Amino acid sequence: MDAEKLIYTIIALQPACRVKDQADRPAIEVAADNLPEIMETLRNDDRLSFDMLLDHTAIDHEPVAKFELVYNLYSTLHGHYLMVTCDIDRQTALAPTMSMIWSAAHWQEREIYDLFGIRYEGHPDLRRIFLEDDWQGHPLRKDYKDPDMLEFEK
Amino acid sequence: MDFIYSMTTCTAAADVITLADRAAAAVDTNIWLSILYMVLALVGIGALTAVLGVVLIYAERKIAGHFQCRLGPMRVGPHGILQTVADTLKLLLKEDVVPASADKAMHFAAPLMSLMATVLVLGVIPYSPILQVTDVNIGILYVTAVSGLGVMGILLGGWSSNNKWSLVGGMRAAAQMISYEISATLSVLVMVLFAGTLSLSGIVQSQESGWWIWRAHGTGLVAFVIFIIASTAEINRTPFDIPEGESELTGGFHTEYSGLRFAFFFLSEFINMFAASAIAATLFLGGWMPFYIEGFETFNKITSLIPPALWFLGKTAFLIFIFMWFRWTFPRLRVDQLMRLEWKILLPIGFINLIAAAVIVLTKFYFFPV
Amino acid sequence: MGLVTDRLPGLLEPLPGGSILITSIDAIINWSRANSLWPLAFGTKCCAIEMLMATGAPHQDMARFGAEVARQTPRQADLMVIAGAIVKKMAPRMRLLYEQMAEPRYVIATGSCAISGGPFMYNSYTIVRGADEIVPVDVYVPGCPPRPEAFFWGLLTLQKMIKSGESIRHPGVRKKPVLAAMPQGITADDIKQQLRVLLEKENTIDIEHEANNRSWAQKVDQWTQKS
Amino acid sequence: MTAIVRTLDDVLIAPAHPGRGATQEYFLNMGPQHPIAHGSLRIILLLDGETIRKVIPVPGYVHRGIEKMCEHLNYRQIIHLTDRMDYLSALMNNWAVARTVEKAAGIEINDRIETIRTIMAELQRIQSHALWWGVLGMDLGAFTAFLYSFRDREIIGEIFEEIIGARLTMNYIQPGGVMYDITPDFADKVKKILSYMKRMVEEYDTLLSGNVILQERLRGVGILTQSRAISLGCTGPVLRASGFAYDLRKVEPYGAYEKAQFDVVVGTTGDCWDRYYVRIEEMRQSIRIIEQLIDDIPAGPTMVTKFNTKIKLPPGRYYNHVETARGVLGVFIYSDGGEKPYRLHFRSPSFNNMWAITEIAPGWRIADMIAIQSSLDLVIPDIDR
């Protein structure tokens, strides 16, 4: 399925999605409220069947007070890729978990929690993954300041 | 067939005079001479232990090196022959760490027990007709009993360290060594049946007309193979080194041991290997008996020129090399596979072998004169 | 064993020729310690491949120096090779490992990460800048990662240091490594101090601080003149 | 539904089994300094005797914050950090970033560069798999295997030392080309090494693969089914051993892989033996790929951009990946139009592969844990980044 057809299929199934530009592969943008439902469709629909979560990450848009969640999906059946983005509020930093849909999300979400402080609702085991449990702050946030960190800007 | 069986016949048996015999003979005439013999025996065993430790560890490292396309120790002394001397000295002078939560007394006793069990075996091994500390008339029973004590040392070491790795290692060791003791004993029994004696010198002398490994209608060969496998397990060497299991249990029962006490465990492993090889050589390969081929008189004369002690050492060294060969070739077995090998394969074969040997001895169903 | 090192000097010293005896005992002990450095199998990062694995491999063969007996448990190891970056989460564990090792224990820090944080020195929020902030380091082997030959240089330097250093009179006290390229009397500590001050100089020139450290500054001057 | 944040201490509570004759389950801490940690991974096992009930991996003992560092560096400077993630496939890591940046910046790469990159990457794949084979042997007690693998690793390493100058951290593949050109006798040397490696892979089979004990230790142990592997996000040999032929070199060919004929090796059951033999076979396939490419390396420059030019990516999200020795290494870049990435994320293969142990290890023994962990071929700095 080529990129355009893929996007059309998705939008036909879930009208709440919007096409995301500024991405180098087929990408859609969804609202946080619709995320679980849309992901369920992407995973289970026969024409889409995105059964592999390749990558999940987040971007800290500090100036506009938003976190952007990015999911990179792959369908082992059809061999197509999709990028899904979702903006959430930076203040509350709450997002729905995908660990019920893809097992891989379990740990990728823990990583995002550890480094960005985004808490995932319904995650079975939300713990810090790389840093110690008593670590202060979330280092990949743009406003993170560490007294021990030597800044080298040139 | 006759030729093969008669390949190792001896022409003349030497009289066995042990150091204990000499001491006993001298008690009435000269008490000091008697004491001298006793001291000689003690010093001899002590020196043997030390020398064996140094030589065997050096050999192991050199042989391992050459198996693995490298050189092994080279810098300490010519070709690194002083390497183990340096290691021993260093271990002796290293700090002795006893974990705070360890059972101090047992932690102290464990390595001593392990070493003692192995050193005691050295006393009854016939190195040559005139070089044996004492020839106990239940020699092989004594060896089995005493070497069985070794497992106590390892178990105690694992238990008293108060470390989970040590405990797992100790428990594995206990299960493994006790299981394999049975197979080893069964194959020893085959030889006892044929030789008709428990004395180790007696077993050697019974092989003057040929080594048991060839002679006992195949039962000897089967018993030899089982004995070698079982002793590999008893001395905790690869592929049966699961109590130490360097890559699994970090060090197994000796995880918490350092310095001198670790050196004791380390030493006892190597002395154990020597003892196991020596017993195997005594039982199956004719001990200090030279290698004779009937009919080749010139050859026989040449072989009998080599002193018996050298024959013994040569056979033992060959078996030790086989143990080292195993170690640097095979991967390690899993605990349950190890138990399966013993209880489902080796033990039944051992029993059948023993029964076959018993039938042969009872019915005197010999293919050739024993 | 404590018995020898604790009581022996006191027993031997009063004897005639006792100090000569102690010196020769020292020589033997140091010889054995220098030639039997069993490393702890502890690597964190890329350097572990080069320092602990490739050095033991046929092409380099650490066994030649008697150092191939890698121990998995710190109790039996003499040498801790810090191979790779140390991060804040690892630091307490590494300290624990060091404390678990039995005396005498030696530490070689290999690679830029273990010396100063290396490529992760800036902008990294977890890195510990130099393993010597956690454990006392005897020899530094620079490189990213150092070649195995460089590691052997470090090992031989440590051997030299052990052979010339410790005495049973003062167990645990040993001379810091004297780098081959430097004149006598300047140790790695001096170099570090010099670097630290140079860094500080770049930021702010603290005259009082300069004055307090004149003694080392003279030493460095001597060194620069000579070389 | 709310998000509940927990700590490690909340997890480390051994379940109590009241009643007579019940066994006490206990926690055993493997690592961070443990031979099976392969670096510094901590694995906490909940054990019943020697049987594993639960596995809790605790990574992060070499987490250096490379992603944060990348935000402070420009696109050329990032390359040297990728060497230090998965140091056994450093070239392929370089390539992942270079490929993402090239695609985003619209830099066209000529055939010569692509061929050199492919040959180098495949040489390193052989090297990486050889090292893995030796380490697996060492973990299972066959120490000699380890030294044999290092003997061959050094021989391949000589090529890298000659062309690149480094033994481990290559920093060779740059956006826009490769750092140094190959030497004139490169092809001859590589051919010599390939014919040597062919014999050595046979020797690996003789020494270890055919060994009864090894087969007993690996066959039927730690089965990872295909559907679970996909859901867990496993890639590389781990996924292929489970029977799914997902190899980026074949699925979406990059570099010069299109020009070469090779097979994607897949397993059938997904046990440790399949993971073992997939890698052994992959060494043979890599030799095959290089043999086809080595004879006609096209002419041309080895760097299409000027080395010192700063690269600026147009604003947007870029994701691209390559197949490293361990699986799919993805690079996600969010650019705001500047010289430095606003956000750069690595989808590391070991990170996703590691979590397979939580599914496949329970029910097996401590010794099987060693086999499973070895067969997954994890590089810890790649997990932690």
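Lettered A, B, C and D in written order, each chain numbered from 1.
Just so it is clear, a residue touches a chain if its C-beta (ideal position, glycine included) is under 8 Å from a C-beta of that chain, and two chains touch if they have at least 3 such contacts.
Predicted, not measured: the structure shown is a model, and the values here were computed from it.
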Among all the other chains, which ones are in touch with both subunit A and subunit C?
D
Suppose each chain is reduced to the average of its Cα coordinates; what separation in Å results between subunit C and subunit D?
33
Subunit B and subunit C, separation of their C-alpha mean positions in angstrom:
42
In angstrom, rounded to a whole number, how far apart do the mean CA points of subunit B and subunit D lie?
45
Distance from the CA centroid of subunit A to that of subunit B, rounded to the nearest Å?
64
If I count partner chains per residue in subunit A, which residues reach a count of at least 2?
130-132, 139, 151-152
What positions in subunit D touch 2 or more of the other chains?
34-35, 60, 63, 65, 68, 72, 147, 151
Going by the touch rule set out above, which residues of subunit B reach two or more other chains?
68-70, 246-247, 250
For this entry, which pairs of chains touch?
A-C, A-D, B-C, B-D, C-D
Could you pull out which subunit D residues touch subunit B in their complex?
26, 28, 34-36, 50, 137-144, 147-148, 151, 207-208, 211, 213-214, 216-217, 365-368, 370
The answer for subunit A against subunit C in the complex is residues 130-132, 139, 144, 146, 148-152
Under the touch definition given earlier, write down the residues of subunit D that touch subunit A in their complex.
1-11, 59-60, 63, 65, 67-68, 72, 103-104, 228, 230-233, 244, 246, 251, 315-321, 328, 330, 332, 334, 342-343, 345, 347, 351-352, 355, 359, 384
Footprint of subunit D on subunit B - complex, ascending:
64, 67-70, 164-165, 168, 238-239, 241-242, 245-250, 328-337
Quick check on the complex: what are the subunit C residues that touch subunit A?
88-89, 121-126, 129
